[in-house]
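As written, the chain order gives the labels A, B and C, with residue 1 at the start of each chain.
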Amino acid sequence: MKNRLFSFLGIVFLVFVQGCTPPPPAVTFSVFGDPAELAAYESLVEAFHEQNPQIKVQLQHIPSQSDYRRRLATAFSAGTPPDVMLINYRRFASFAGQGGLEPLDTYIEQSEIINRSDFFPIALSSFEWRERLWCVPQNVSSLVVYYNRDLFDEAGVSYPEDNWRWEDFMRAAQELTQDHDRDGQIDQYGAGIAPNLFRLAPFIWQDGLDIVDDPLQPSRLTLDQPEVLTVFQRFIALQTVDQVVPNANAEAAEPSENRWLNGGLAMYFNSRRGVPTYRTIDSFEWDVVRLPITQDEWIGILHSDAYCLAAAAENKEAAWQFIEFANGVQGQTIVARSGRTVPSRPDVAQSPAFLDGLPPANAQTFIDTVDQLRGVPVMAGWTAIEEITGKEIERAFYGQVSAEEAAAAAIELTAPYFENNQ
Amino acid sequence: MTRGSRHQIGRIARLLAASVIALAFFLPFYWAVVISLRPLGSPPPSTIVWWPSEAQWSNYTAIFSIVPFARYFLNSVRVAAVAVPLTWFFASITGFGLSRLPYRWRRLLVPLMAIMLVIPGVAFWIIRFRVFQFFGLLDTLWALIAPAFMGGNPLFILLFYWTFRRIPQDLYEAARMDGASWWQVWVYIGSPLSRATGAAVVVLAFVKFWSDFTDPVLYIFDTGKYTLPVGLQLIRQLDQTNIPLLMVGAVFMILPVLVVFITMQRVFWRERPTGLFPTRSRARRERI
Amino acid sequence: MSHGNRWRWFSPWYFLFPFLVVSSLLIVWPTLVTAGLAFTDFNAVSAPVWVGLDNFLRLAQSEIVRTGLVNSGIFVALAVPLRTAGALGMALLLRGRERPFGVLRGVVYLPTVIPEAAYALIWLWILNPVYGPLNLLLGAVGLPAINWLTDPVYARLGMVILATFQIGEGFVLLLAARETIAQDVYEAAAIDGADRWRAFRYITMPLLLPWLLLLVGRDLLVSLQNTFAPSFIITYGGPYYATTFVPLLVYEMAFDFLELGMAAALLLFVLLVTGLITLAITDFSVVKE
């Protein structure tokens, strides 16, 4: 009888573990993005395999950013994060601060393939924190204004140029906001911008101010300071006063980016990431221009993702070899061809891989402004702060509360995250 | 005569009222199909459309070239094909075993299962990752199938449990007196008498495994092993506002569920679903 | 049944064996660990640090958590009665053996078996304030358009409405329960001169009451949890926290903000509440026997 019991147990167990895989591959590499990006990373891994047949890289691609975060958190919690992963500079501190990531300064110093001097300084420095370099940047995108040339032509407005001012932008936005059939419903909007802290920040900087009290040791948001509040009010006035951007309902009915794609919105604020989709537009001509300047000094906002190495990675050498390759000229060239990113290496950024003659014609502006970009503070709770503040900015933007109320609420609700960081 | 015809009129009125209300349950899916047939990327219509003037059936083939939908579809079919029968089997035997336990154990285990039923999935994600890792199931379709080995969901077990409790105890006793083992009792008595419950569990289990959009992105690494819900996510990344394409994806998710549902519905209603749910003994006496 | 004796040793407990093993691994053990994490500071990366009841104190002070609990409470208060009434109404309307009733029963069950992501996507479209069929339909009959996605009150209402169509399980339960009431009870009542309303009031309702209570209890739990997919896909908790229900909050804490200890504490709180409700329901003899 006992034997039978054991054979029964054995069968249950066998059925359960059937389908075991061979041992995990040497290096796992996690990214997220749309199918076009997936294709770019697939060719990156393929090119790496050609040169390093002894190392197997498994590409783990997760479609949406929220699923990507969920996977990373789960895998880190279980103690087995992917060996190499792409992380934004606004997020890496949460992982680095607790010993989840491997500092890469010694790696890059000893590398024969890549050097610090290969990269735009701002890109590297945004991944430096607590005096270590944590990740190797893949791209240095920035916020630009995409504009529909056909709509500018129709309205007889001259195209924006890279030295344009906020007043020029406002004038264009007002002239391009139109109610064609005069039914009281706006059918064409002058501009579209996501109401959040990340979009608001560069305008605060341009006025010589900051979004936090001390960018290196932030302890609170400064949205409630009178000068900052003025910029905030100017930002929400786009919707509440000037009405050159869609209101809450119009946005819910058809998001700004969709209006832009369908030719119903003249100027759309976005980073480089929109380009692959925008290249499929065939109903109008478009280009990019840098952000309008509000005061004397032009400042843009940095967008950057980097390859990070997990501290728990078993084969760090192999993982580093992949990071080296991905950030070498060949690796960055492959990813740059997707059109989605601005390479973090000046040599690749200036090459035909990036300046490929496809729209936007003014792609050079992404490179020219790199030195004048600024990043948001690097700290562990930043994601939560941005998310919570975004909700406040959004409701002020759509006229549900005043800027003062929204600023006060944002400061109160984000306080615990600054405290935890101390 | 008057009573009969009044009865008849009442019935027809009831049917009419029910039809109107049922229409509201059906309209969302009808609209999904209508929208899925609009030209891809076209601006949304501003008047209500009951049928698109030029139905773009090609949308349903286009989706296969935009994302590897065929592969995802096949993976989903593979998962469901293995997981659904396993779920039926394990839920049935577990429910059967539970129904044969002494009262003091049932009194303990039934509420326990009910509690297991209401634990939110978030609570499992991280540790399941570790468990799957330990058993080498990470990055295999078995990670998606695994819950089938515990009957899929405690609800399925409870459904079987209630059914088996309702079967007259004399039937079991007689079989046992004849020298039948519990296996044989399950095979020859329990299993055939729980066909309606089985049909219901098959439908619910199919929905569970088919529509799972959390587990694949947590436990599957190789994009070649992704299932259909991940495909839907991929389309959303592509262009969040391409409503026709999104609806094509949604229809593809729904169609197989409909097929299973309609097939099983026949068994389900024919076998009278009364056995599905707990019935008080008083009510039972009244029926007999 | 000639092989019967060979398997005589096989007691009912063996049937439970696979379940006990697998559910320990996939349900019990994960839940216990998560419950333990509720008393720690855990950020996914470094080891959890014991902090006692700190997380619960922080939860109690958090305005956002309070908002989430209130939202979930409002949702349950609206959805549960509507869903129960809907299930009862449809069950009473659709009993009958004729074919049309069978087809309609299938239609009513339909929204319940639709994959939730697909269902949420369809409703995202239906609730669109300008192009959505719902507002177009309202416009066609001369009613004003409703801001389903941007007005806090209507955004919540929208969530309730889409949940009100997913009543298949309660519907089948009540349908089955109604079948158990013998026809001669109604006939006797009719002879005594009882009209339809009286028959419903004095026969149907009292006999269905235990099932209705069971249904309400079950719905309290289901409604608490099933808000995740729609609020995640349709509104992402907006406008301004109006549809930030507890499950979305747990998700955001854990995976956006990496505060897994806090998330576990909130989860444990929800679990205790739902556990108590569950025990209360299973205390009805209907469930156990």
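Please note the rule applied: a residue touches a chain if its C-beta (ideal position, glycine included) is under 8 Å from a C-beta of that chain, and two chains touch if they have at least 3 such contacts.
Keep in mind that this is a model prediction, so the values were computed, not measured.
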Chains touching both chain A and chain B: C
Chain pair, B-C or A-C, that carries the greater number of C-beta contacts: B-C
Most distant chain from chain C by Cα centroid: A
CA centroid of chain A to CA centroid of chain B, Å: 39
Whole-Å gap separating chain B and chain C, where each centre is the average of the chain's CA atoms: 15
Distance between the centres, which are taken as Cα means, of chain C and chain A, whole angstrom: 36
Touching two or more other chains - residues of chain A: 16, 70, 74, 77, 253-254
For chain B, residues contacting two or more additional chains: 44, 125-127, 146, 149
Of all residues in chain C, the ones touching two or more other chains: 14, 18, 22, 128, 130-131, 251, 254, 260
Parts of chain B lying in touch with chain A, wherever the complex brings them together: 41, 43-44, 66-67, 125-127, 129-130, 133, 135-142, 146, 149, 217-218, 221-223, 230, 233-234, 236-241
Residue ranges of chain C touching chain A (in the complex, touch as defined): 9, 14, 17-18, 21-22, 42-46, 58, 62-64, 128-131, 147, 149-150, 238-241, 251-252, 254-260
Chain C partner contacts - residues on chain A that touch it in the complex: 1, 4, 8-9, 12, 16, 66, 69-70, 72-74, 76-77, 94-95, 97-100, 248-250, 252-254, 380-381, 383-384, 387-388, 391, 394-395, 398, 400, 412-413, 416-417
Complex contacts: residues of chain B adjacent to chain C: 11, 14-15, 17-19, 21-22, 24-29, 31-32, 35, 44-48, 90, 93-94, 96-98, 100-101, 106-107, 110-111, 114-120, 122-128, 131, 146-147, 149-151, 154, 157, 165, 175, 178-184, 186, 188, 200, 203-204, 207, 210-211, 213, 229, 232, 243, 246-247, 249-250, 253-254, 257-258, 261-262, 265, 269, 272-274, 276-281, 283-284, 286-287
Residues of chain A touching chain B in the complex: 15-21, 24, 28, 33-35, 38, 58-64, 67, 70-71, 74-75, 77-80, 253-255, 257-258, 261-262, 264, 277
